[in-house]
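Chain IDs A, B, C and D follow the sequence of writing; residue 1 opens each chain.
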Amino acid sequence: MNEASEEHAHRSSRVHIWVPFYDADPMGVVHHANYLRYFENARIEWFRRRGITQATMNGPDLQLAVVESQVWYRSAARFDDNLLIEVRLHEMKHISMEFAYRAVVKGDASTNGAEPRLVADGRTVHACVGKSLRLKKIPPEMREKLMSCGEVNEASDTKAVEAP
Amino acid sequence: MNEASEEHAHRSSRVHIWVPFYDADPMGVVHHANYLRYFENARIEWFRRRGITQATMNGPDLQLAVVESQVWYRSAARFDDNLLIEVRLHEMKHISMEFAYRAVVKGDASTNGAEPRLVADGRTVHACVGKSLRLKKIPPEMREKLMSCGEVNEASDTKAVEAP
Amino acid sequence: MNEASEEHAHRSSRVHIWVPFYDADPMGVVHHANYLRYFENARIEWFRRRGITQATMNGPDLQLAVVESQVWYRSAARFDDNLLIEVRLHEMKHISMEFAYRAVVKGDASTNGAEPRLVADGRTVHACVGKSLRLKKIPPEMREKLMSCGEVNEASDTKAVEAP
Amino acid sequence: MNEASEEHAHRSSRVHIWVPFYDADPMGVVHHANYLRYFENARIEWFRRRGITQATMNGPDLQLAVVESQVWYRSAARFDDNLLIEVRLHEMKHISMEFAYRAVVKGDASTNGAEPRLVADGRTVHACVGKSLRLKKIPPEMREKLMSCGEVNEASDTKAVEAP
């Protein structure tokens, strides 16, 4: 969390999650598939804070389809852990964008009041599509809303679109 | 399963489920919310075998909304258990119907080749609704398909509809 | 919520849940199995506020096993709805206890600033068991903690234990 | 699936999954987090067929912890689709191994009896750990069982272990 510059603060969001009992598996730890759900909750909150909801995207007939996900599992989270999920827009291309995530446990015995413990980090790539699921350019108004929230890398997504 | 008369066989369906790892909780047993999911899988299979799918219900603008569920948890199922879910139509009223379920584990150490062990049983009540979620009478054609599969109790659903 | 007398306030807990995207099904509404999960989250919070966690129950070798659940689905909740889950201890017997729940949506268009809209209510019954899953009497210390939080019906659970 | 050589057949497993209703989201498609669950089901089946279960790993105090996952979402799967999940051991290192997956829909309208349609593919990396979650070398007996099933790339996992 030490990279939290002013720009960073503007383009990231954080949500807290108390790990529910049913998200932990017989090994007692959060099942790995759940992190994609936690990441999504944080990402939706990120959009909400920037005024972008499903309703606002219905007008221009837009959806953001997940085309790739990647997660690194660094340590175990358990039932009742207080997870902090941090999300930030990492890169925006013509028709796709990439988000980066960090999930940390704070304030449990293992952290001893020191630094939060990293549990997982990851990334997801989202392509802009219409109802027909055909790729669309990210509309200028949406791009503006997304970019207004601090410095974001801009790049071409030619390869990204071909790959998935 | 000893009640399996000829009529019973006609109006019940069975599905097998290998308990997935992620459905077991830190106590090592299937989390109780999952039985409603297993029951649904069996119920959808029951409808499929009688020629009723979401597609066939789209024409007459029909949906079956769950209005009540009840489950009794009798013993524990664990990861990798082979669950047999049995579903049967228990009662049909004018605008609602009730299904009954039994989930048993067969062939594990605890059964010793003897009778399957009862894990959970339950019931769900479903009301017939249109797109607007307003209650509708079960259409005659659908009623016929459902009743063609053996003896089912018919009853008035006045109270059931008032209650939920 | 108008029954919130002083005693009621003492023996009930409330948690808020933003309905996650992945909890809504293709009909756009919260899948019915999820309410048992929401109820559990509220119940665990209820115990936590009374100083009872899994850790405190490990000493006397105690677990609370769900033996029955029942839910009435009154109206639909959707993605992004702000659900308020209220839980209260309804009845305590010698070896089992029953909780009652209400899930309401507040502040959406359908409520118009008026009363919250009831989405689902239900009940769960929990039996006290040891590691071996054998029934145990609720220990006096635990009973005291639970009863200290307001008026609760006391009753014999003979039938309840036989039934499940 | 045309790459199914003899070796390939030996080191891959396939499982079928009827997409359950509750795995589809309000957009009508399988929520992306579920593919990690489907992949796990296939992987567990892969181990089972090679005589490796949780029980057989308890003796030598072994667990396989997921340390990384990556999924590419190629097209949409829907409720009731018949998914075929193929898994194969892609690489084995000293203390970790990597599996590769493909999820295809077969026999739906979009495939027209032609080739199955690719829905998602991905990879997961698993490290061998003891109860204390400390990294351990994959034991020779286990390695033998895993390698007996056809040609697998062997490689050093130094970097992989550092990275996660």
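In this section, contacts are C-beta pairs under 8 Å (C-beta built on N, C-alpha and C of every residue); 3 or more make two chains touch, one makes a residue touch a chain.
Keep in mind that what you see is a predicted model, and the values were worked out from it rather than measured.
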- Note on the structure: The chain whose C-alpha centroid lies farthest from that of chain C is chain D
- Count the touching C-beta pairs: is A-B or A-D ahead? A-D
- Message: Report the inter-centroid distance (CA atoms only) between chain A and chain C in whole Å.
- Response: 31
- Averaging C-alpha coordinates per chain, one finds the centres of chain A and chain B separated by a number of Å equal to 37
- Note on the structure: Chain centres from averaged Cα atoms put chain A and chain D apart, in whole Å, by 24
- Item | Shared interface positions of chain B, touching two or more other chains | 21-22, 33, 37, 40, 79
- Message: Which residues of chain B touch chain A once you look at their complex with the stated criterion?
- Response: 21-22, 24-26, 28, 31, 33, 78-79
- Using the touch definition up top, name the residues of chain C that touch chain B in the complex. 27, 32-34, 36-37, 40, 63, 65-74, 76, 133, 163-164
- What residues on chain C touch chain A, complex-wise? 18, 20-22, 37, 40-41, 44, 53-54, 79-80
